[in-house]
Structure formats: structure tokens, C-alpha cells
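For clarity, chains are labelled A, B and C in written order, and residue numbers in each chain start from 1.
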Amino acid sequence: MTLMATERMKLFSTRSPWFCSVLAVGLVVGFASLLTLTSNDPAHVDLGLLLAGSQFGLMVVLVMGALAITTEYRFGTIRTTFQAMPGRTAVLGAKAGVVGLLALVLGEVAAFGAWGVGKVFGVEAGLSSSADWRAVAGLGVVFALSAVAAVAVGALIRQSAGAISILLVWSLLIEDLISLIPNVGDNIRDWMPFVSARRFLGNAGPDPVLGPWASLGYFAAITAVLFAIAAVVVNRRDA
Amino acid sequence: MIEASGLTKRYGKTLAVDNLSFTAQSGRVTGFLGPNGAGKSTTMRMVLGLDTPTAGDVRIDGKHYRDLKDPLRTVGALLDAKWVHPNRSARAHLAWLARSNRIPAKRVDEVLELVGLTGVAGKNAGGFSLGMSQRLGIAGALLGDPKVLLFDEPVNGLDPEGILWIRKFMHRLADEGRTVFVSSHLLSEMALTAQELVVIGRGKLIAQTSTEEFVAMATEASVRVRSPQLDQLRSALGRDGVSIRDEGDSLVVTGIDAAAIGDLAAAASIALHELSPQRGSLEEAFMQLTGDSVEYHTDIANDTAALLATGSVAR
Amino acid sequence: MTLLAVERMKLFTTRSPWWCTALALALTVGFAALMAATANDTVPLTVAATQFGFQFGLVVVMVMAALAVTTEYRFGTIRASFLATPNRTSVLLAKTTVVALLGAVVGEVAAFASWGVGKLIRPEADLALQTAYEWRAVAGVGLVYLFAAVLAVGVGALIRQSAGAISILLIWTFLVEGLVLLIPRVGDDINRWLPFNMANMFITGDPDPSNRDVAFGPPPADAGLAPWPALAYFGGVAVIILVIALVVTKRRDA
């Protein structure tokens, strides 16, 4: 708990997490407003479209998660941190925990905000099925796991530019370009982490390889593996 | 107390620290002296568990740093004053440090007061001058009221007032019974600050001794004597504890002072054309000791004497 | 000329441009090899299919170009640069020129190497460069990288922070332009005039649709202009952003 409290103080005593939080929620809710306001028939805008802006939010969360650790390397405070708290795995865990919790809150606020804005502008999509609930309430969970993965990548790469490039290029480009490979591309794509996360949220498509909850479990497992690798490397490496 | 034994750090092909053993006692200011690039910072990072030694071991009061519970309560360190987030206020920086080691929040204000930063505690650390950053770093080191303190080049870039402040501060900390381990590349500074010295060059230990002894050895006087009767003079001076070296038309004598040489010469009716005491410069002796040109020995006395006797460091 | 030489020396005396160049080539050529190796009778290798890795190279070139400016701010060397040459516009223009030329070279080498690797692995495939479309798909890559580098230098000089500049560039290129399509009624029309869609139009636009299936190459772009005007439009956007960056840099304290 001490470690979590410490990491919380560190995170919120700089500006960038505040900025990222506002941006993440603002983009998701803002895009939902834009979509409903420009729609000819707002009543029939579905949840999937309403939450299309969550991709923006996800990018912000990835960047925020990576920066939470790369700025420590950038400014040398990682050494101060390890000097104060020599248990490096615990520090990394506390940091991932705090950033993940923040991302969870941001995801929930953004998703329910987007849904609420849609309601105000006349969208009729309700939260009737469990799939609807997953699409909205599930966003926070996906954001939280993504933030943890981003902390892990940040800890491995240690440079903001490199970590952010890898995270964004992976999630925005590689996972989709993979499907262009003849024959096997689509099969590989089905097992990509962010594709799995989206499958949990609702974009299952026909004949999905995993059910929604199994997809989430798979995404969580990949995140856990990344985190474990990062923890081992951070412990071995000189700070 | 800090005890290092056989501490070694290798980066690829270069040995940054080579089989280094030393101790820093409590109640003393121990200076860690060596030229830039000698391995001082690397050693300090290993003491703090930041870097893992390739070989060897370093303990603080018998424990590895990583095994200390709430380490800031045992060890305080200032390695680099710029290791703060520029957009975080001085108070916020100290607040998270305090929280991480269960140090009461009111201690933050105490240390801010102690280093004289209370007035700017709410300002972002990125806007601090080097002197202010240094004070903030010292505040962080003192936060846990630790028994052991490490400072890496704390006077670098400070104005004379700041240097004096730090010097007095370290003496006070040592007088309170703490272990103070402070690195510098300036012997003149260490001569004023430290009571004990650990001297390294190229990652290797050159000497561990008290500052007084080191200074005495480094500046041991020699006397240059010129005379038309050099042979007679040499035999007149020939006794225990006196070493004599020929330099053309003169002798360089150590182990006996100029007055005694003059008396001896007068008693033996030897004419003297010159009788001049030679003083070695502390800094030059140190540079010679730690520089590339010299092979390293732990026998500091002979080295220093030899260096001074060659005249190359004499003024 | 002196400034160009200085900027060239600055660029190539750090490791990151070398890294980026190697990475861009490895990704594009590697992807082409992958496409060639997995091609078969139902999905034959085409000229366009050898250029699937185009976007990877684009990312790397933009990141490199942005870093060329932001690292100067990161390490404070921008002040040394402006002390050595007080005319900031000249400094930035020289830097832009060097980075853009490198981008162009990387693009041409990557495109022709990708094409060559396709020919090597699938000698029987029809990879002849005959139509204007096929020439643009390969030789045009360098031109797009050139202007993308100009744009990225502009964004880097405006933002001054690596993390921010890279995030904006990548999110814009690969997310915003795509998500705009989702906006009802106007989304399609807006998308037709977005800069990177225009760049895609230049590379993939105007193929004879009877020649190939969409799946055999990057999907043809739907933009508001014909290929060459589309490139001019993309270049124009890049130059406008650069000019804004030049004005801002001149006014701002270094």
C-alpha cells in the first residue's frame, strides 16, 4: 500500500497525467457527440459506432502508461525511486497498478460518458444485453490492461520516443497489416492482443476463435507475460 | 559504516571499478578521491544497489542495500542533483520520497527549512539553479535522518558560499556520529572536508589513509643543496632516515630539514652555494599519483617521495 | 551549402538515423519477402503487393524526421545550433532538406528492394513496371516519404517534445484519418481531402480495376484529386506546416 500511495503521489504531482486524462475522456465523449450530432438518424446509431472514439482514448492511455515510466528514466528519477524503494518488481507493480487503476476509471468515465451523451442526443441503444454491458463497462478493463502493457513496454524500452512508436505502430498498424499476408494473415490477426481486446468489447465478427471472456483472458495473459519480462529485465539491469 | 570488498564493475571491455576494497567509518567524513572517470560514481551506484557489481560485495552496516527495510532511514544519498522531475515541485518531490519510506510528512518541511528552501518549496524543481538543486538533493538525503550519507561531487558548480555551507554541514553530520562518504576530484577540497581518504585511480585503490597522513606524505619536504664539495657533503649527510639523490651539480635530500643540513655543512667546513627547501604541490602530487603516467602502488609514501624527489612536481 | 553539410554531419554522427534507416529497409523488404513467400495461384504476387510494407517505412521516416528536431530540444543542442547560425529559418530549412532527402533515398531503396526481393523469390510472377500506376506504386514511395519527412520536421519543431510529436503524427496518420470515415454524411467527403489519404491516392490510386482484385495489393484510395495533384496536395500540406513551424520557431525563445 505504501508503494501504491507513493506511485500515486508521483503520478499526480506532474501535469501530464491530468492532461492525458482530460484528453482521453474528451476524445471519446467528443467523438460520440460528433457522430450523433451529424447523424441523420441518431436514434439508430448503435453502441459500436457510439464508442468508435474509444480508439483515441486507448492511444492516449498507451502513451500515458509508457510515459509514466519512461519519464523516470528520462529525468533520472528512476534511480531516486530505486534508492528509496529497492524492491524493483514491487515498484513496477505499484506503478502499473496506479496507472492501470487510473486507466480503468478513465475507460469507465469515457464509455458511460459517451453513452450518456448519445442518450441526450437521442440515441436509443440501451444497455439491455450482456454484450451491451461488455461494450460499455468493459472499456475500462481494456484500458487498464492496456496501460499495464504500456508500462511494461516503457520499462523495457526506457525511451519515450521508442516505446510510444512501438505501442502505436503495433496497435494501429501491425495488427491490421498482418491480415494482408495471404492464407495465414487472417488467422494470425485473430490472435493479436488488441484484436482480442476488441473482440471482448463486441467486434467478434463471424465465427470468432475465442469467446468474449476468453478473449479478455487472452489479452490479460499477454499483458501479464509482458509485465513479467519487464520485471525480470528491470531487476537485472543497472538502474 | 560502509564496507566494500573486491568490488568490480566491468562494462564490456572496460573495467570501471577494479577489485576495490575500502571502509568508511561512522563519525568520520571519508573522502572518496580520484580524477574524473576514475569510477567514483559507479562505485557509489553499486553501494546503493542501483548497479550490480560484476564481482565483489559492498555492505552498509553489514547489509546489502537492497535488503534494507525503508532504506532512506539508514542511507541518504545525493548522486546527481538533476535527478528530479522538472515539472514537480520541490515539496512534492520530497513528499513522495517520504511517503515511500513511511517518513512523517512534517519531516519534509523540516528538511526544507534545514537546507533553506522553504521559500521556494512550491516551485517546480526544473527552474532551480544548480545550487538550489544541490540543496534539494541534500534535503532528500537527510529526509530519513540516516546514519550513513553519500554525496557525489556535492560542491561541483557551487559558489564559494555554497561550498563553505556544504563543508560545515558535513562536519556537523559526522560530529553527530554519522558515516559521511563524499566523493571529489579535488584534493584541495577534500583536504578541508575529509578526515579519512579513499583514493582511487582508473578504478583501482591507490590508498586508504587519514587525510593528515596523505597530505604529509604528499607534501613531504625535500631540500636542494648545491656545493663544490658534493662528495664530502654526501658523506656528511649519510645517516639513517636521510635519502640523497644526485642531480648533476646538486643533491636532493629528504629526511632532514634545511637548518640541520646547514649546521652539518658548517661543522664539516663545507661550502654551500644553495640550500633551498622544496615544497611539493598537493594537487600536482595527486595528479601524478592518479594520472595515466604512473603505475599504481599502494605504497603511497615511496611513490610520493619519489615523485617529489624527481623535481618534476617541485616548484 | 555549409548549413546543409553541418546538418548532414549532425544527423549522421548519432546512431538513430542509421537505426531508423536499417529498420525502415528491414520492415519494408521483410514484408515484401513475406508477401512473396506466401503468394500462390489464387493470390498472385503483384507489383502493388510488393509494396505492402510502405506504411512501415512511412512510420519510421516520420519518427526519424521528428526526432531530428525534438532531440535537439531534448539535449539543448538547438541553442548551440542557433548560436552557430542565428538565422533560425536557414537552420531549420537545412535540416528539413537533409532529412527529407534521406527520407526520399530510404523510400526509393526500400521500394525497389521490396520489388526486387519479390522478383527474386517469385521469378515467374508478372512484376514488370509498365503502367504509370505501377511506376508510381514503386518509384513514388520516395516522393511520399520526402514530403512526410518535411511534415514530420514541421510537427517536431512545433511540438519540441519527442513523445508528443510522435504521438500526434502516428495517431493522425493511422487513426484519425480512418475514424473520420465513421462520421455520418460528411465523413467520406472530409476523408477524401485528408493529407495521408492523398498520399495513398498517389501510390495506389487509379489502377485499372480490371487488372487485379483488391486483395492483391493495398486497397486503392478514394481521394478528391487525381494521383499527381494528390501528391502536390500532400506536399502542400507538408510545406504549410513547415512554414508555420518556421514562423513559430523564429518568434519563440530557443
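FYI, a contact is a pair of C-beta atoms (placed from the backbone, for glycine too) under 8 Å apart; a residue touches a chain by one contact, two chains touch by 3 or more.
Every value quoted in this text rests on a predicted model; they were computed, and no experiment measured them.
Participant: Greatest Cα-centroid separation from chain A: which chain?
Facilitator: It is B whose centre lies farthest from that of chain A.
Participant: What chain sits nearest the middle when you go by CA atom centres?
Facilitator: If we average C-alpha coordinates per chain, A lands closest to the whole-structure average.
Participant: Can you work out the whole-Å distance between the CA centroids of chain A and chain C?
Facilitator: 27
Participant: For chain A and chain B, what's the span in angstrom between their mean Cα positions?
Facilitator: Distance between chain centres, rounded to whole Å: 50 Å.
Participant: Would you mind pulling out the distance in Å between where the CA atoms of chain B average out and where those of chain C do?
Facilitator: 55
Participant: Any idea which chain A residues touch chain C in the complex?
Facilitator: Residues 31, 34-35, 38-40, 49, 52-53, 55-56, 59, 63, 66-67, 70, 160-161, 164-165, 168-169, 172-173, 177, 180-185 of chain A touch chain C in their complex.
Participant: What does chain C use to touch chain A in their complex?
Facilitator: Touching chain A: residues 31, 34-35, 38-40, 43, 52, 55-56, 59, 63, 67, 70, 162-163, 166-167, 170-171, 174-176, 179, 182-187 of chain C.
Participant: Applying the document's contact rule, which stretches of chain A touch chain B when the two form their complex?
Facilitator: Interface residues on chain A, with respect to chain B: 2-3, 5-6, 9-10, 13-16, 71, 75-77, 79-87, 236, 238-239.
Participant: Which part of chain B faces chain A closely enough to touch in the complex?
Facilitator: It is residues 45, 48-52, 65-68, 71-72, 77, 79-80, 82-89, 92-93, 95-97, 99-102, 140 of chain B that touch chain A.
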